[in-house]
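Same chain, two partners: subunit A is paired with subunit B first, then with subunit C.
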Partner chain A sequence: MSAVITPPESAATPPAGPLHQRIVWHLSRSPKRELWLAWATMLVFYNMFFPIFFIVAQVQPPPQPTWDHAMQVHWFNERHLGIPLGLGIIFAIGGMNSINNALIAYSMRRMSITRVFGYSYLIIYALSAIPGLYLLCIALIVGTLRPERNPEAIEWLYDFAFLSFDGTMGVFLIGSLIWMVAILIDKNRVFPKWFGYLNLCNALTELVVAPCWIFRRGVLAWNGQIAWWLDMVVFGVYQVTFIVMLFQMIRREDFGTGPLPDLPRKKKVAA
Partner chain B sequence: MRRIDGELILLWTLPATIVIWLAAFVLFPGFMPPMSPTMSANEVAAFYRDNAAAVRSSMIVFNWFGVCLVPILILIVMQIRRMAHRTPIFSYAMLGCVASGPALFLIANVCWLLAAFRPERNPELTQLLNDFAWITFTILVPYLIGQSVILALAIYFDDQPNPIFKRWVALFNLLVAAALVPAAFVGVSLTGPLAWDGVLSFWVKNIAIAVWIVVMGIVLGQAVYRERAERGSRGEELVDA
Partner chain C sequence: MAVLADKTERARFIPGQADMWAFVLFESLVFTAYFGFYLFYRTQNPEAFLHSQAQLDLRVGVLNTLVLLLSSWSMARCVQSARAGAYQAALRDVYLTAFFGGVFLCVKVFEWARQIQLGNNFDTSDFFTYYFFLTGIHFVHLLIGFVVLGVAVYQLRSPARRSQQLVETCATYWHTVDFLWVLIFALLYVVR
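Take a look at the complex of A and B:
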């Protein structure tokens, strides 16, 4: 379906020189510049994403679901600037996530499988950002907007935010399974099969967070060892792994339709 | 095979969309001028009590026609596909942005309609719905910024003698993206330029969106008509795979 035009492959060799010059060349002139740019965007996005939530806005790790109204109001008051500023940055850079999803969809396009996988992933993850990210950020921002607001309304926003964050499950569950099946049935060797199973691990964490809708305390609550900590550790490992996997995929990319070639053994620097 | 029959119909829905959106925008009593975030709960409740009919009618129109920009954005996706790129990354990324803006807008839309549904409700709850609506409406920029930047990059990488969009369109999109950024920080203050009725969060953001729609409508129309002319001169009905 795509009208991809192949530009002439002149000047396809990276120039010798300092690292920053080579990086600029890869992002602006390399035949793989579109892929490298998407990958670099992904790297920047995730390097900003976590520090913003944990350090600037300080909304993660999540607070206790069992806190009373006074504690909830105090929690919002302590973050009356961090939340709108930090989450404001998330809204400003959120569009980068679409480029991340596009790169992952591209990895499925490069496989020996139907395009349905890539498109499905793209749409599911575009949708996932609304309940899984933006709505909870809006609830937190509205929560900090008026410290004098009725504490019951503040509690509603508090529950909305953290249950929306933990409890948005299906889009990530099915999205990860789509990538997993794609990797496992692919004959173009785009990713190693074990990475397919790592997708399964990530998908399974979406099952174990479901009890956060029921329990207010213990390991299954929205801040519990299983529903939050286990989920976060698995996602952290998964995320670092897929960034490395996509890096390797771009290095090996030959823009063909058959199996992805292995990297030449002596080549040490990213292509 | 990419077929182009019907593209003109979709393209010419844009002027109708603009007229309908403008009419609904003017009809909503909270936009001209924008409601102040410093209104008390009782004032907000009184606003919905006094203006229930206008809030309902304008927001029902927005609910009907809020997604009308999607076909236009998909037409832009199709033009990105014609660009001299090696991968479909940019059209994929643009496709991922298309639906999220309307989805967030519809959440704001529902909150406004809910606030007007029972004007006798506890004013604090009406104020909560009003806050949720205004913050969501103002902060729905991530994918609008995203699509402008993605389009700018796609144009920049379109290395061919007759690029689909001229280079100034890329710069224009970056400028619009920059104009939308302050609205992301609407939660910082209830007064001043960043507040939801402020210069940056309301006027600059909404004027930037309006200018983007008009300018992109024109350059998209030129690209669509040029493609048809090129195909006509080559005697082609269908191209591409």
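Take a look at the complex of A and C:
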């Protein structure tokens, strides 16, 4: 026989019961409801972000940098509905990204480090959204809406969109490094150290995108196997990891200033 | 029984933070992918790769490999000295490691300059794209290694700090950079 010992319930402890009851409790009475709302926003944003870019707008994976004018116009024409619809949705939900950044900055404020880290991260990611997301969307929509435009203008928009998206990863690189340093010097154990090192791995792969300014073909072009495909795999692993890490951080949050407590473990004892 | 317990303890011992080994694993996977792409494109056009590869000076590659292996040797000595409590000797070994690392970087820059003088740029051929890319990304890892050595020096200089675990974590990073170079050297210079 065995029995399960659970920690005593407090006002901050969700009641046991069905999932919907616990969700209602978290939304109405949990002191962490703002944090859960921010986390849920992050989850919704990324669950919409990738399907929109890959399936609705079909602007990712990026097309060939070497295509001539006729191929570029054909590419825009094939997406004359998808690009305005998909990227229009991105404009509508883009603000959610600031909540994601705020949650990550919050994780740094919970650490035993100066607030400069959190605020630097917020500023860098707020700025990086312009070249890394919005300029791509604007350029592609502009290219789609007027197919009869001057060929040189279409070619310019095509190059501008993908170079802006892929070629500005250096800004994200600095953001990853800030988070990495914050995690490694933190004494409050907000995140495990290996996650700090994973930030370094992510930063190093973002560095690898930089050669897309030079290459029009091969593995380092903006659609290359190393510059895009491998980086996307690393970013996917990194993104899923940081969403899980933030989830665990919120679960452990005690709104104190010292080390973040570990989650209580259910112990089995012989009865 | 005591011997068995000691053996079990040794078998379970991981030098430095276990977290750094996660980094080693992940970086090894990423570099394995880089090497995989290199080998795949090499099989597509072996003659062109061989022709470009012949323009590399094997002696420079061997020299750099020896220098980096020496740096790993001095870093291992640093860990041993720190374990024995000989912190001054450990500090000297870190400085020696940094010196060998510096020599490696200088030789690498010299080699790049020489290749560019010969007309072999980043986009001259597929081989030289990989050559500059792999040696370049390794160069960046080595630059980070100097920051890591700085952390080791910071730990060893003050009796109030001297975290053996952090010193070993720094050594793990440095050995990883060395290990990656040995693979890059084998692929770019030796495999024909």
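The criterion applied here is as follows: the second predicted complex is superposed on the first by the 250 of 271 C-alpha atoms of A that agree within 3 Å, B and C clash if a C-alpha of one lies under 4 Å from a C-alpha of the other, contacts with A are read in each partner's own complex, and residues count from 1 in each chain.
FYI, a residue touches a chain if its C-beta (ideal position, glycine included) is under 8 Å from a C-beta of that chain, and two chains touch if they have at least 3 such contacts.
Computed from a predicted model, the values in this text were never measured in an experiment.
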Simultaneous placement of subunit C and subunit B on subunit A, clash or fit: fit
Which superposed partner A:Lys193 touches (first subunit B, second subunit C, both, neither): second
Touching partner for A:Leu220 - first (subunit B), second (subunit C), both, neither: second
Partner chain(s) touched by A:Leu37 [first = subunit B, second = subunit C, both, neither]: first
Greater residue coverage of subunit A in the superposed arrangement, subunit B or subunit C: B
Partner chain in contact with A:Pro211 - subunit B first, subunit C second, else both or neither: second
Minimal inter-chain CA distance - subunit C and subunit B, angstrom: 29
Touch list for subunit A against partner subunit C, complex: 192-194, 196-198, 200-201, 204-205, 207-208, 211, 214-215, 218-220, 225-226, 230, 234
Subunit C residues within the subunit A interface of the complex: 17-20, 22-23, 26-27, 30, 33-34, 37, 41, 122-123, 126, 129, 133, 137, 140-141, 144
Contacting residues of subunit B [partner subunit A, same complex]: 2, 37, 81-100, 103-104, 107, 124-125, 127-128, 131-132, 135-136, 139, 141-147, 149-150, 153, 157, 159-160, 181, 184-188, 190, 239-241
Contacting residues of subunit A [partner subunit B, same complex]: 1-7, 31-35, 37-38, 81, 83-85, 87-99, 101-103, 105-106, 109, 118, 122-123, 125-127, 129-130, 134-135, 138-139, 141-142, 144-146, 149-150, 153, 156, 255
